[in-house]
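Both complexes shown next keep chain A, but they swap its partner, so chain B is in the first and chain C is in the second.
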Partner chain A sequence: MAIDKKAQKEKIRKIKIYNNKMYKEYEKVNKRRNIPESEYLTQMQDPKNLIEFDNLRSYFYTDVGTVKAVDGVSFAIPMGKTIGVVGESGCGKSVTSLSLMRLLQGPQGQIAGGQIRYNQISKKRAVDIAKLPRKEMEKIRGNEIAMIFQEPMTTLNPVFTIGNQIDESILLHNPKMPKSEVRERTIEMLKLVGIARAEGIYESYPHELSGGMRQRVVIAMALSCNPQLIIADEPTTALDVTIQAQILDILRDLKDKINASIMLITHDLGVVAEMADYVVVMYAGRIVEQGTAKEIYHQPLHPYTVGLMKSRPILNEDIDRLYSIPGNVPNPINLPKSCYFKNRCDKCMEKCNGDYPGLISVSPTHKVSCYLYDKGLVSDKKAKVGGK
Partner chain B sequence: MRQYIVRRILISILVLFGVSFLLYIIIRLMPGDYVANITAGNMNVTAEMEQRMREVYGLDKGLLEGYISWLGDAVRLDFGISFIYQKPVTEVIQRYLPITFALAAIAMVFEMLLAIPLGILAARKQYSKMDYSIVAIALMGISLPSFFFAAILKRVFAIGLGVLPLSGMVNARAGFEGFARIMDIGHHLVLPVTVFVITGVGGLLRYTRTNMLEVLNADYVRTARAKGLPERKVIGKHAFRNTLIPIVTLVGGMIPGLFSGAVITEGIFALEGLGQIAINAVNNGDIPYLMGFNMFLAVLTLLGTLVSDILYAVVDPRVRYS
Partner chain C sequence: MQKDNILEVNNLVKYFPIKSGIMQRTIGQVRAVDDVSFEIKRGETFGLVGESGCGKTTIGRTIIRLTEPTSGEAIVDGTNMFKMKKGKLRLARPKVQMIFQDPYSSLDPRLPVGEIIGEAVREHKIVPKEQYRDYILKIMKDCGLRPYYIDRYPHEFSGGQRQRICIARALALNPDLIIADEPVSALDVSIQAQIINLMKDLQEKRGLTYLFISHDLSVVEHISNTVGVMYLGSLVEMAPTKEIFRKPMHPYTKALLSAVPIPNPDVKMNRTILEGDIPSPANPPAGCKFHTRCPQCMEICKTQAPVFKDYGNSHKVACHLFDQN
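On to the complex of A and B.
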């Protein structure tokens, strides 16, 4: 027993030393000034894409070990399209989006590797957001990439008026705009998201509004600078169902109006079906399946996706209990080498005890990471090539 | 708002009656009254003389009777004549107040100037060496007994280095006038103020740090970053305004402390402030002075809470009084 405790303590100590070493390394990188452009300039794989995640890895160096919250995620967000990112809590959806905003809570949360290529149209160049200096990132945040958060009750600062908070965002990215024009634009944005008494709301404080109203304000704030990409991190989770539909409608309309892309993060498959063009299904920090919304809905391949589909309530269907996937998400520290879903999977085979399955292309857009669709060794090679 | 303030003041008056009654009882119940004190050891005083003196000082009345007669004068703002000083209580307070207030006010300003920025800095660099050293120093300050710290300071700066005066308010031999006199007083106040600041800064600093930490994890700070605001503005505007809310309420509570005097520090540095007088009054059973002084503090305490409640509404739009 005593030896056990000692070993435990030793382990914790080692983790702490390792973490401190990592913090210092990241801080060194972050603190550098005058980073040459060549370090973060890059080339898009497909110029029609707005964002390309390439093998993104985001880790949290915690006291109990390194959590690989996002471990090798690659997908693209085409211009003007909506991408739905689906998965249960803790699968790395939010961390993916926060990595894209470079808003991971430091020093624990860090982008450990991979690229996030961003097609910066305003400057006619492509940059790697993972390596972008802080100053450059501040110009993109809120201006070209805006984010809508999940908790409208707490995302607005309680001590400033709504008008003040939206004005601030506009003024920050358009410093030359006269004050009166800024105000006009704010009120116009408030009207755009369906707030009737825009002038009155302009002077109000957040606590005077309902949750749905606040989420509209957050959306107005996000859209105020005509962003290229809107990241919506579970924008309707905290709202009741009637408001959910309204908020989604607003998002969809506005996206077309300003011709932006949306990265919609949710665990609600219904929302994705309604909104998304493409769907990415994540599990324990990795993508298990991706494809167009139609493909994912009509032909889900990965047992996890199939399970998610089954556990969704369907109207006019007479069942006593909703299906739920057995088991729990694995501990994110020291994940096994094999497929993470193995223990919960009802189609688990001998092969699943091997390495983590690579992405296998089923169609040009549809990819799945599961041995079920691995057709022998010969086609396995082909699939891997296709997967890349 | 005005209605609220008026209501609060009316309630305060009721509270003051209660406070004064309790104070009077406690002070009267102190063992040994003023007459016993001044006659102690004097063989020539007879019981009859003592009785007459008690009548003169009004100590012969019962508790309730004595309180009513004190109250009757007090509502006319007459707090009686101090037994020790043989002067009206208000005059005594007025005379010793400036030094106490100056000391406390200067110390408070320095405390805030140190505690708030350092608290914010510690919070921003949580668990770093900087954070640990700031918190450790703050804790040391809280734990240091003021008499011990004052003694060390005097040993080092007054006796050892000889750069600062040992005690007192002014250099009696120099006889400075005008600006030179102010500079001289300042010179004398350096050590006492240092003692005040070092022993007092810790609480506020840790309070600021805790609040800032909480605010820094709030969603609206993330929103501010997501807008693209530079870190300086995220902290200075969005986070700081919210950290300020609990601090402001704390500052209201510090008001009575500005006037109550610090018995030990004033004693060590031989500063004639209210703290010194108060301890003297307690030792001698100077009832009029104790009543007057404590009522003065009670009024300030009530005012302080009222001020912090009003400030609360000023800094936090969610708080409205009606």
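On to the complex of A and C.
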């Protein structure tokens, strides 16, 4: 017992030393001044894309070990489209979006590698957000890329009026705009998200509003600077179904009106089906399947996606027993080399004990990371799993 | 009371007083539950749905007297829960058990699992002392918990496992009725299915009766025999599950059903999107409470409250639309 404890202590000490070393390294890189442009300028692979994640890795250096919250994620957000990112809690979907905003909680959370290429139309260039200096990032964050959070209650500051808070974000990015114009724009934004009594709401405090109203205000705030991309992190999870329908309706309308892209993060497959053009399914920090919404819904390939679909009861469909994926999400520290879903998978094969499967293209848009679809097997397995 | 009913709730009313000033005078009342009646047959599941703030949780809590009712009666197995004195109530409590929404806050972090499940068993002397440990282990096995979990503490478990512990705790007292207050809404999708399946299995094995409170319509449809829809403290529609989901009558139920997103990108639904929010229950609208948001509102709705009536197939609705023809 005594030796056990000693070994444990030694292990924790080693982790701490390693973490401190890493923190210092990251700080050195982040604190530099006058970073040359050549370091963060880059080229888009496809000029029609707004964002391209390329092998993004975001790690958390915690006291119990390194958590690879996002480990090698690559996907693109085309201009004017909606991308849905689906997965259970802890799968890294929120960390992906926070990496894009450069809002990971330091010094533990860091982007450890990979590129996030952003097509900065306003300056006619492409930049790598992962390497962007802080000053440059501040011009983009909230201005060109805006975020809507899950809890409207905690997003808004309780001691300032609604108008005050939206004004602030407009003023921050347009410091020369006269006050009266700012106020006008705020009220215009509030009207845009369907708030009828915009002048009255301008003067109210967050606690005077209901959950649905608050979420509208948060959306108005996100829209106030004409963003190119709106990241919506579970925007309706805290709301009732009837209010959820209202908010989704607003988001869909707005996307067309201001011609922005939306990155919708959610665990609700129904919401994604309704909103998204493309769907990315994540599990334990990696993408297990991606494709257009129709491909994912009519022909889910990865056993995890299939399981997720089957485990939700659907209105007006009689099922005697729900399908349930056995077991739990694996511990994110010290993940195995093989497929992370192996232990919960009902189609596990000999091959699955090998390396983590790479992404296999089934169609030009549809990719899956599973040995079931490796080469020759594709044609006959597809019929079995996807056939409905 | 009918013979096969395990629970009968008659005209349940619960008002919360609003107090203000130095003297803490009552200046108004929040009408959380306003004249609700329903019954549950033995071995069946009654689903209670509605938006947040409509009073569904208050009903659950009032039935087992975690909050005291204002008036009305709740008859469990022939005895009125609301008329019992403290001592008698204590004896009756094992019959009705509750599962709470958040498995993270409803378990005592300083007790091991065996004690969490067994505390009430010992207190109510459900089994003799010698069989105590075996009994706990058996209950744990029924709920899919491994025997060596008995000495572990709640923080060592994931959300799904904790909810299993909560179910085991409720089950250990051999209840007739279990009130499940949003038991799966705090869980991940793949874990939700596990818990719902477990609840269904236990119901079959032990002949349990559930009062299943939830805002998730698809889950309620899956698990319930009868469904009641609540709005602002009152039931607006109640019918057997198939009936209510295939042929919803009340405009609120229709809107609620059409608001549920369907996981199929080809289906573009004709939404009836409700305008606005739920009015405050401290100051509910006159007449039909739903008339401020109703797409089919008529003159009569603004002044006169509709009656909760049976329109065949034990399909009860409170709406003027069906009253006239």
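Throughout what follows, the second predicted complex is superposed on the first by the 372 of 388 C-alpha atoms of A that agree within 3 Å, B and C clash if a C-alpha of one lies under 4 Å from a C-alpha of the other, contacts with A are read in each partner's own complex, and residues count from 1 in each chain.
Here is the rule we use: contacts are C-beta pairs under 8 Å (C-beta built on N, C-alpha and C of every residue); 3 or more make two chains touch, one makes a residue touch a chain.
Given the structure is predicted, the values throughout are model-derived calculations rather than measurements.
Engineer: Quick check on the chain A-based superposition: chain B and chain C, clash or fit?
Structural biologist: Because the two structures are overlaid on the shared chain, the partners are seen to fit without clashing.
Engineer: Contacts for A:Lys139 in the overlay, against chain B (first) and chain C (second): which applies, first, second, both or neither?
Structural biologist: After superposition on chain A, A:Lys139 lies in contact with chain B alone.
Engineer: Between chain B (first) and chain C (second), which, if any, makes contact with A:Ser89: first, second, both or neither?
Structural biologist: The second partner, chain C, only.
Engineer: Touching A:Ile17, do we find chain B (first), chain C (second), both, or neither?
Structural biologist: neither
Engineer: On chain A, which partner touches more residues: chain B or chain C?
Structural biologist: C
Engineer: Determine, under the contact definition given at the top, whether A:Met349 touches first (chain B), second (chain C), both, or neither.
Structural biologist: neither
Engineer: Go through the superposed model and pick first if A:Ile258 touches only chain B, second if only chain C, both, or neither.
Structural biologist: Once the two structures are laid over each other on A, A:Ile258 reaches no partner at all.
Engineer: Which partner does A:Gln246 reach: the first (chain B), the second (chain C), both, or neither?
Structural biologist: Second partner only.
Engineer: Which of the two partners, first being chain B and second being chain C, lies in contact with A:Val29: first, second, both, or neither?
Structural biologist: neither
Engineer: After superposition on the shared chain, which partner residues are touched by A:Arg321: those of chain B (first), chain C (second), both, or neither?
Structural biologist: The second partner, chain C, only.
Engineer: Minimum Cα separation, chain B versus chain C, post-superposition (Å)?
Structural biologist: 7 Å.
Engineer: With the touch criterion stated at the top, can you tell me which chain A residues are shared between the chain B interface and the chain C interface?
Structural biologist: The overlap between the chain B and chain C interfaces on chain A is empty, containing no residue.
Engineer: Any idea which chain C residues touch chain A in the complex?
Structural biologist: Listed in rising order, the residues of chain C that touch chain A are 51-52, 158, 160-161, 188-194, 196-197, 200, 215, 217-219, 221-222, 245-246, 255-266, 271, 273-274, 277-278.
Engineer: Using the touch definition up top, name the residues of chain A that touch chain B in the complex.
Structural biologist: Going through chain A, the ones touching chain B are 101, 103, 134, 138-143, 146-147, 149, 151, 154-161, 168-169, 172-173, 205, 207, 218, 221.
Engineer: Residue numbers of chain A touching chain C in their complex, please.
Structural biologist: 88-89, 210-213, 240-246, 248-249, 267-274, 276, 293-294, 297, 307-309, 311-316, 319, 321-326, 328-329
Engineer: Quick one: in the complex, what on chain B touches chain A?
Structural biologist: 218-220, 222-231, 238, 241-242, 245, 315-318
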